[in-house]
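Common to both upcoming complexes is subunit A, partnered first by subunit B, then by subunit C.
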Partner chain A sequence: MRISIRSGLVIGWRQLFESLLSPGFYVMLSVGLALGSLLVAGFTGSIDSSGFEPQASPLYDLISRSLSGAFGATFVEKLFAEGPFLFALVAAFLPVSVYLAIASVFRFAQEKNAGAVELLVYGPADGTSYILAAFLKDLILSAGSLALIAAAFAVEAALTNLLLGPLFLWALAALFLLSASFFAYGLLCSIVVVSSSSAIALFLGISLVFSLVFAGSFTIVSAPVRTLSSTAAALLSWISPFFYAGMIFRGVQAGSQGAVLAGLLLLAFLSALLVLAGRLIIDAKGVRA
Partner chain B sequence: MIRTRGLVKRYGAFAAVNGIDLNIPRGEIYGFLGPNGAGKTSTIMMLLGITRPTAGEIHLFGERYSPRRLDLRRRIGVVPEKHPRGVWHWMSAAEYLRFFADIFEVPRRNERIGMLLEKVDLAAFQKRRIGDFSRGMLQKLSIIRALLADPDILFLDEPISGLDPLGIKQVRDLILSENREGRTIFISSHQLSEMEKICDRVAIISRGKLIAEDAMESILSRISSDREIRVELETVPAALPARVKDLPFVRDAAAEGNVLTVKIQREGDFRKPVAEFLISQGLVALSLAEKALSLEEAFITITQENVVELAERGE
Partner chain C sequence: MRKAFAAVLLLAAPLALARADVPVRTEQLIYSVIAFNGRDYTPTFAPESSSAVYLLAGADSFISLRKTLVYFWPLTGRLQTDTQTLNEQLDGTLEVRDRRGKVLRSISLQRYTFFNVRGEYEQNWKVAVDADAEKEYQRYLSLYRSFMKSIDDYTRANTEYLAKLKEMSDRIESLKASGKDVRALQEKMSSVPRPRQPDEPADYVVPPAPLQQAFVVNLPPGRYRVRLINPDGSVMEGSDKRIICTTPRRSGSVGYQVLPSDKWTRPEESKTPSAVIYVNGSADLYVSVFYQDELNDLAYQKTLDNAARGNPNVFSWVRIQQVPHASLQMSGADGMASVLQERPFTVQQSQGSSLGYTIIPYDPLGGQKSPDLMAFRVPVSTGTRLIRLSARDNGGKPLPESGRQIRIVSPEVPSLVFALLAIIPLAAMIVVLAMRRRYSRQGTTSRAE
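Showing the complex of A and B:
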């Protein structure tokens, strides 16, 4: 095991270095930061004497209407109760995390098909080393991106006389663990299917299902839909990272530290479980193209 | 060094490898031959720990081997048939080798990489991107990668496939020089003429079973009950084959044009007595040579015999 982990760290370090040389990561990070900055600027434009008025800004009018439609008005009220940074953080991190997850899924499947993973495991490495390498690389890039976005928002908060808010730190931890579980899902997809395009399609499909069920669990449109979404949510909740993210969000709102910690731990546990499942599958399937 | 007992690999009902026993001692160059689909790759994958055997045991360096024995994998160097294209292509040769040296925890890696690059005349290209390497250069790089950790066993899959004659010679010399340093070499290849030049022992596998395993000379002599001496003469008198047949060591003789073919018994060198007999008959031999059976012919004969035998048994 020690040899496997050590080899995983060497491969992970190499993958991290390659990712840092790739322009894609910086492009998505810049897009995220620009989007976040735009949202913060839009928020300041929506504040009048009565406080935050989404209707005052066309951008926020559109955002609040869309989010209310998907998650309900209460959710939107709570989201913006402490300022723009919570939503801006999610919006800024989303492009980076989606890019990292898809790039990892693509890379794993491509390297497996090209025989590169097989070449690595001819040496003192195994499937576990490769999974560990890819996962650690994603975690480091994800943590780095969140730190950079948080630093940029801290500067912006100081410049605009706004507060990041007490929820902000919790949101950083939750987003980090949420992205970790999606990275783990991505790895699992690349292990179970053959081609990189199938792996990406499967990963996007799973993410879409989780998103729809998550949105559905907030919406009360009509009794049959609610019943349907509630049933689906109940079935999928234990494997959906969004369910645990929702638990954290609700815990913070209710001031329940226990619920927040439980949500964070369960998210971490889900990621660990997915990585373990990936390891067992790759051990059974092998790494041959 | 490598020992297997009753090695079996099944994919559903199909047995790709069906009870193979190998015993390869230290310092040997061992050729592993077989037609496509014979079970070569499945056997090698099990020996490398990439796939698990369905049944049977593998012992490497005297220890029981399984895919989890990463410590033993450190002592194995592998040169696959093809280097993965499009992956790591942006790396320089030196960078690529440093990456693998780190995985294998090679001590004094830069020194070792420099020495190995010198050995195969790639030192001048160490800063060049491997994406720009030719097939031959990639193959040499692949061999260096396999040698980085100074392995006890070197597995080579089609090591000279796609190489030009100079490349073939360089790789052959490298294999022989590594073997002289005490390394055990396991080669799987379809280039039988090349295998014949370098292997101490060969094994032939067909339909998942080991059908022959012996020293090269024994494999060649085993399938040939008679040897042939071919003599090119200025003219061949009509009665000559009958007179040659009377020689005690000759089993058969025939003439075609100005070439006399003499089938002789297995043991002994009869070129001189044949030449003396022809001179005594007043004939001038333009050339005289014993036709050596090639590994290719041996391979074809042995695998065909196996197919016929299996067909007769209804398998």
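Showing the complex of A and C:
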């Protein structure tokens, strides 16, 4: 096990270097930052003598109308209560995390198909090392991205006299662990299916289902609906990273440190469980495609 | 002319076939609800299609079961009742059961009224039932009659006063015309006492509603099943519903209402305890402090309106009432603190072509009987960057979750800096790729050598 971890670290380090040498990561990070900066600039343009007035900016008018229509005015009020940075953080980090997850899924499945992983395991490394390497590489890159986004937002906050806010700081931790869970899901997808395109399709499908279930739980309704689909969604939510992210959000809103901590720990636990599941599957199936 | 008239008639003939789109009315057994929402009472109704009635736990709300006509009104997209055509209240007992069917309460119909008595602030709702309700309503009627009588007396006295003034004025004019001294008469005229307009009864903010019969429901938090038991002991068909009684998740937190001096009609509320009040600093702020409770968004919206939509996974802060005799500690970015006191203010519409309002301190000796708002004036300018507020109660004790920041956002957004921040990763990419090319060239050269 110790050898697997050590090999994983070495391979992960090499993979990290390779990722930093390709332009994709930088481009997605720039896209994310541009999106975030646009949202911050739009927010400052929506401030008048009475406070935040979404109608003053066409961008925020559109955002607030869309979000209010789906999730209600209370949700929007809470989302922007501390300023624009919570929403901007999600918007800025989303392209980066999606890119990292898909790149890992594609790469792992492709290398497995090409027999590169099989070649590697003739040495001291094994399948677990390779999973761990990809996972660690994604963790480091997502932590770096979040740090850079947070630093850029801190500069923007200082320039505009906005506040990052306590929810923003919680969101940094939650987004990091949330992305970790999705990276783990991505790796699991690339382990269980044969081709890289199938792995990406499976990963995107799972992510979409989780996103829809999560969005559904925050959608405004006229009555509490108890149907088969909502029961299925309730069952599915336990394996959804969004469920635990929602727990953190609700915990912060309720001022419950316990719920926040539980949400963070459960997210980390889910990621660990998925990596473990990947390891068990790869041990049983082998690394041959 | 005749031809033109005939042509118009011919063109208008198809309109005779057009009819108004009358909504289809169906007779339904509805739950008519007057629910206490934490702040005041709001009427709503639950039609047959609605499975639940939402109430606030621990507060008196009024439910009556009625047969009425219900129709869908497409303009608002809502169900409406036609109580003018049919409004039959059903007699009986409201049976409240728990989830297992055990009868918890049997509530009989009671005559009731509810009213808000005048206090310094808005939250003074009272409920009276049966004899007390009758007594309260009679008291209100007596006050009202007495006020109306004093209005009549005032009108009569005022007419006499004006007639007397006119008579004296005419006499003065005629004396003036004949060149006589009118000073004595003028003095007498100015000393004629003007009748005083009677004040409205100050006892009630909202007077007692006319007495009605309903089931006065006050339940602890939980989910219940209810149905109407007819006077003969049978169960009224279609009367089964759920009552969902909610209670605030958190109570006694403090929210702020912020009124900029240039937008008196558009107040903003800062309810979330971690919220920041962002303004552009172009106008002073008038701030009032209120207590708020945190309720489930869906349950609260449905308490206000049974047909409303809400978010079941989000809790919203609901303003309850202004904090009585609060004080506000204000400190700037330098940490210098000062204590603000609540003051009465009057809002005056700007005269002339300029639009807007001016908020000035209330003058009790001026023409206005009562101030328009009680608030703390927080001076704000574009030079200010940060103001910290925290509210204290009557005894000077800090109120929970009352800390807020007012931040004056810089109006000139440095777009270039924002753009530079966004292209940092691209710049890093160029550097990395250039270094990579350089190293790979060096490697190729050294291998060639």
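Points worth noting:
The rule is simple: the second predicted complex is superposed on the first by the 276 of 289 C-alpha atoms of A that agree within 3 Å, B and C clash if a C-alpha of one lies under 4 Å from a C-alpha of the other, contacts with A are read in each partner's own complex, and residues count from 1 in each chain.
Operating definition for what follows: contacts are C-beta pairs under 8 Å (C-beta built on N, C-alpha and C of every residue); 3 or more make two chains touch, one makes a residue touch a chain.
Note that this is a predicted model, so its numbers are computed, not measured.
When both complexes are superposed on subunit A, subunit B and subunit C sit side by side without a clash. Looking at the shared chain after the overlay, A:Glu111 reaches subunit B, while subunit C stays out of its contact range. Residue contacts after overlaying the shared chain place A:Ala173 against neither subunit B nor subunit C. Comparing subunit B with subunit C, the partner in contact with more residues of subunit A is C. Of the two partner chains, neither subunit B nor subunit C is touched by A:Ala268. Contacts of A:Ala91 after superposition on the shared chain: neither subunit B nor subunit C is touched. Judged by the touch definition given at the top, the superposed model places A:Ser30 against subunit C, while subunit B stays out of reach. When the two structures are aligned on the shared chain, A:Phe52 is found in touch with subunit C, with no touch to subunit B. With both structures placed on the common chain, the touch criterion links A:Ala201 to neither subunit B nor subunit C.
Subunit B and subunit C never share a C-alpha pair closer than 6 Å once the two structures are laid over each other. Of the residues of subunit A, not a single one touches subunit B in one of the two structures and subunit C in the other. Every residue of subunit A that touches subunit B in the complex is listed here, in rising order: 3-4, 6-7, 10-11, 14, 110-111, 114-116, 118-126, 283, 286-288.
Residues 20-21, 23, 25-27, 29-30, 33-34, 37-38, 40-41, 44-45, 47-52, 71-72, 74-75, 77-78, 81-83, 148, 152, 155-156, 159-163, 165-167, 217-224, 246, 250, 253-255 of subunit A are the ones touching subunit C in the complex. Those residues of subunit C lying in contact with subunit A across their complex are 50-52, 249-250, 258-263, 266-268, 270-283, 297-298, 302, 307-316, 385-386, 405, 407-411, 413-415, 417-419, 421-426, 428-429, 432-433, 436. Only residues 45, 48, 50-51, 67-68, 70-71, 73-74, 76, 78, 80, 82-88, 99-100, 102-105, 149 of subunit B touch subunit A when the two sit together in their complex.
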